[in-house]
Amino acid sequence: MTGMQRTFKGAALTALLPIAIALLVIALGDGAQVRILSVFLINLILVIGLQMFMGNTSIVNLGHVSFMGIAGYAAAILTIPASIKQTIIPEAPFGLAAFQMGPIEAGIMAIILAMLVALIVGVVVTRESGISATILTLALLVIVHTVLVNWVELTRGMRALYGVPMKANAWLLLGCAVLVIFLGRWFRDSPLGVQLRASGESRIAAESAGVNVRLVRLIAWVLSSGVVALGGVLYVYLIGSVSPKSFYFDTTLLTLAMLILGGMHSISGAVIGVIVVTAGFEIMRYFESSPVIFGVKFPEFLGLTGFFLGLIIVLSMALRPKGVVGTDEIDESWERRRQDQSERTSAAASRSHA
Amino acid sequence: MLELNSVSVDYGAVKAVQSVNLRVNEGEVVALLGPNGAGKTSLISAVMGIVQVSSGNIRFEGRDVTLAPPEEKVRCGIGISPEGRRVFANLTVAENLQLGGSAQPDKAIRAEQLTKYLEMFPILKERYHQKAGTLSGGEQQQLAISRCLMSRPRIVMLDEPSLGLAPVIVERIFELIAELKASGLTILLVEQNANEALSVADRAYLLHSGRLRFEGAAQELLNSHDLMSHYMGLGEAQ
Amino acid sequence: MEYVVQQILNALSIGGNYALLALGLAIVFSVIGLVNFAYGEVIAVAGYVMFAVFAVSGIDYAVVLMPIGILAAVGISIALERVAFRPVRYAPAATGLLTAFGVSIVVKNFFVTLVATRSKSVPTPEWLAYQIDIGLARIQVIQLLETTATAVALLLLVLILRRTNIGLAMRAAARDFDMVRMVGINANKVIAAAFAVSGFLAGLAAIFIIARRGVVDPFMGFTPVLKAFVAAVLGGFGSLGGAVVGGFFLGALEVFFQIVLPPSISGYRDAFVFVLVSVILVWRPEGLMGTKRQFGDKDE
């Protein structure tokens, strides 16, 4: 099996579970459940986007949600009908208040914009390593949030921008998510991804082997930001409105927790993480809203989902810092196990022969 | 007094030390020799508990201390002057010495030790309130040695005390080691500088690629040109 | 003239608060390399314990509540080290950072679940807001207390770090933790001491933060920890003197921005501050006035 085939097969295998879940929910679920599914698929895109930089470089990225915000706002501002914009952001600069675009063109423009910003920011971020780089991404998060909140003429500040055409449905989201799974896996297995992971383990070793660490990191950073931006655009098209609080610490930490829990070094880890956390969240949310179980009415437990999220992070850091899946992709681990097994059986066979 | 029984140390797949047996008796100076990368410092770090022993055990005065953390080993009476000196550069000489005495609960003994070693190392008295980072290499080495003696250990391990020092200072350091020996201290001396080390040692071990290649009287090793040239890379002229 | 003096006094009292907070972050970072983002929750715990004591017993004397708040902060700081940070002590810095975020979320939501999302009021004595005339300017009692308390705390800390064995050990551990253990000092004790000092500073800062706000809420630690973090980076992370300087610098900077920036862009203050943080991190990692050391690097 060639490398490309293995990558393709692995990605297909990884995509199987999300596809199955999605088909099941679309076929049998009610409106609310389809909505949960849609958010799940968007989180899948965000987390794989995050994985493409963080998982391959081992640099914790706290700023990825900024690109979700930039792209989300860009797509919203470009697609909201001019008639609505005249009332909610009449003062918008660059004549944007009188201007509107189709959702596909707007989405592409938004992603390109986010990637351009990522390119500029990335030149600075990739200069640094480890915790310094992480702090720069944190600064990015705060700066972008501050701008979104304060550029009132363009973003309407803390208040939501509404009127975005709600063009995203579960099928579109599923298609994009599967595409992103393939993209992420392809990137991870590509020569660039391999170099990147080597540089994550030891920057000096990778550099002495002739890898231009800053350049490969920059490429990963921009690509990763592009995928996160896609997630942002789809999110806006799903919800129909945007406000800055969707693009701050809550989303950052949620997506981080998903990735870490699953295992940040692999795409399968990202997928498993999103599935587990989403499931856990829905269960917690049920308890939060004072459910009645066996005739007993439970009190309202606001904050339970948050508590659960924090606990996931703390426990997985302490007990399984490499995540549920570990360092390798699921299919890689299976492959290895099978090889071990066949070696063992052949060894046993030769022993019995003797 | 100190006893290592088939001690091994691994760093992942790399076997740094393999099944080493080593013994230091009370009052002895034992030299542990070997070229760069032989595993000497790994072995010492394992004795201190800074790196984990992957198999074997370490006994000190009959007690099994294999798994004891470094602080406990120091409290039992093992002192170390590590490779590269590792003085606390941001602290003064006085503060370095004070920390060195942490493991000694008796205040009177600490004061006694301080007077004793300031006398033995007069340069430290001179530089008493200077930051240790401003000291020269030889001065830092003297500080590192006296720091570990402050707690009045029963055995000291001196890891490469002559490394990176000018020849005249190296000579001074070995004089000091001889003085410490004369005062009855038990010493495990780790060195690349074989001739100097063997001249003060009673017994010697030779470590190469993580394995012991020789064990015996220091004089015997000093006379064995074959072993010395083969493992220590010393020239024919030796 | 009066205006200038007034603003300088403001900057001093805000800066003093930031200095305490930054120092608390820096001392833990210098000893074990942990960026403790759960530090804000230590402040919140101090506040909630004071609130709980007041709500249960009705005691509203500041002299009783304040020490209780500080003790609570010290206690929770040590407890968090034991429960959450010890398992990741030898892990990479990123692991510790994420653990800290996790702890922060847990504690916040603990208050949301058990108390309420809404803020709860804590009694603050009226006399804190009294104004005192000091010739050139008027100063509030709270500002005076805050500046004094900061000065005393800093002095105390300097004494501990210079005169006590555990203080020396903390300074030494900032450079070479293993060597500290190899002179026979218990690693757990040094780390616990660092967390205790950190908690004490957070508790002290918390008292003034709460005295100003008059209320506690689950999210009250967020802004202070961010400020502390910025101040610590400005001072060169891990440098204790730098943290103090960074704190006062940030205080001065904020007052300066408030005076200089027109209202239309004053909202961007945080963005300016974080741009400055990035610039310093990239081009002057040793901080505004630090010695040449890479960010977070330990000496060999």
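Order of writing sets the chain letters: A, B and C. Residues in each chain are counted from 1.
Throughout what follows, contacts are C-beta pairs under 8 Å (C-beta built on N, C-alpha and C of every residue); 3 or more make two chains touch, one makes a residue touch a chain.
Here the structure is a predicted model, which is why all the values come from computation and not from measurement.
K.L.:
Quick check of your reading of the touch definition: is the inter-chain graph here a line, ring, star, complete or other?
P.N.:
Basically the chains just string along in a line.
K.L.:
Max contacts between which two chains?
P.N.:
More C-beta pairs are in contact between A-C than between any other chains.
K.L.:
Averaged over CA atoms, how far is the centre of chain B from the centre of chain C? Could you give it in whole Å?
P.N.:
Each chain reduced to its C-alpha mean, chain B and chain C end up 42 Å apart.
K.L.:
In whole angstrom, how far does the Cα centroid of chain A sit from the Cα centroid of chain B?
P.N.:
The separation of the two C-alpha centroids amounts to 53 Å.
K.L.:
For chain A and chain C, let me know how many angstrom lie between their CA-based centres, rounded off.
P.N.:
Computed from C-alpha means, the inter-chain centre distance equals 32 Å.
K.L.:
Using the touch definition up top, name the residues of chain A that touch chain C in the complex.
P.N.:
58-60, 124, 127-128, 130-132, 134-136, 139-140, 142-143, 146-147, 149-150, 253, 256-257, 260, 301-307, 309-314, 317-319, 321
K.L.:
Quick check on the complex: what are the chain C residues that touch chain A?
P.N.:
35, 84, 87-88, 91-95, 97-99, 101-113, 117, 218, 226, 233, 265, 267-268, 270-271, 274-275, 277-278, 281-282, 285, 295-296
K.L.:
Touching residues of chain B toward chain C in the complex: what are they?
P.N.:
The contact residues of chain B facing chain C are 48, 50, 69-71, 74-75, 80, 82, 84, 86, 88-91, 95, 98-100, 102-103, 147-148, 151.
K.L.:
Which residues of chain C touch chain B in their complex?
P.N.:
Those in contact with chain B are residues 165, 168-169, 171-172, 174-176, 178-187, 299-300.
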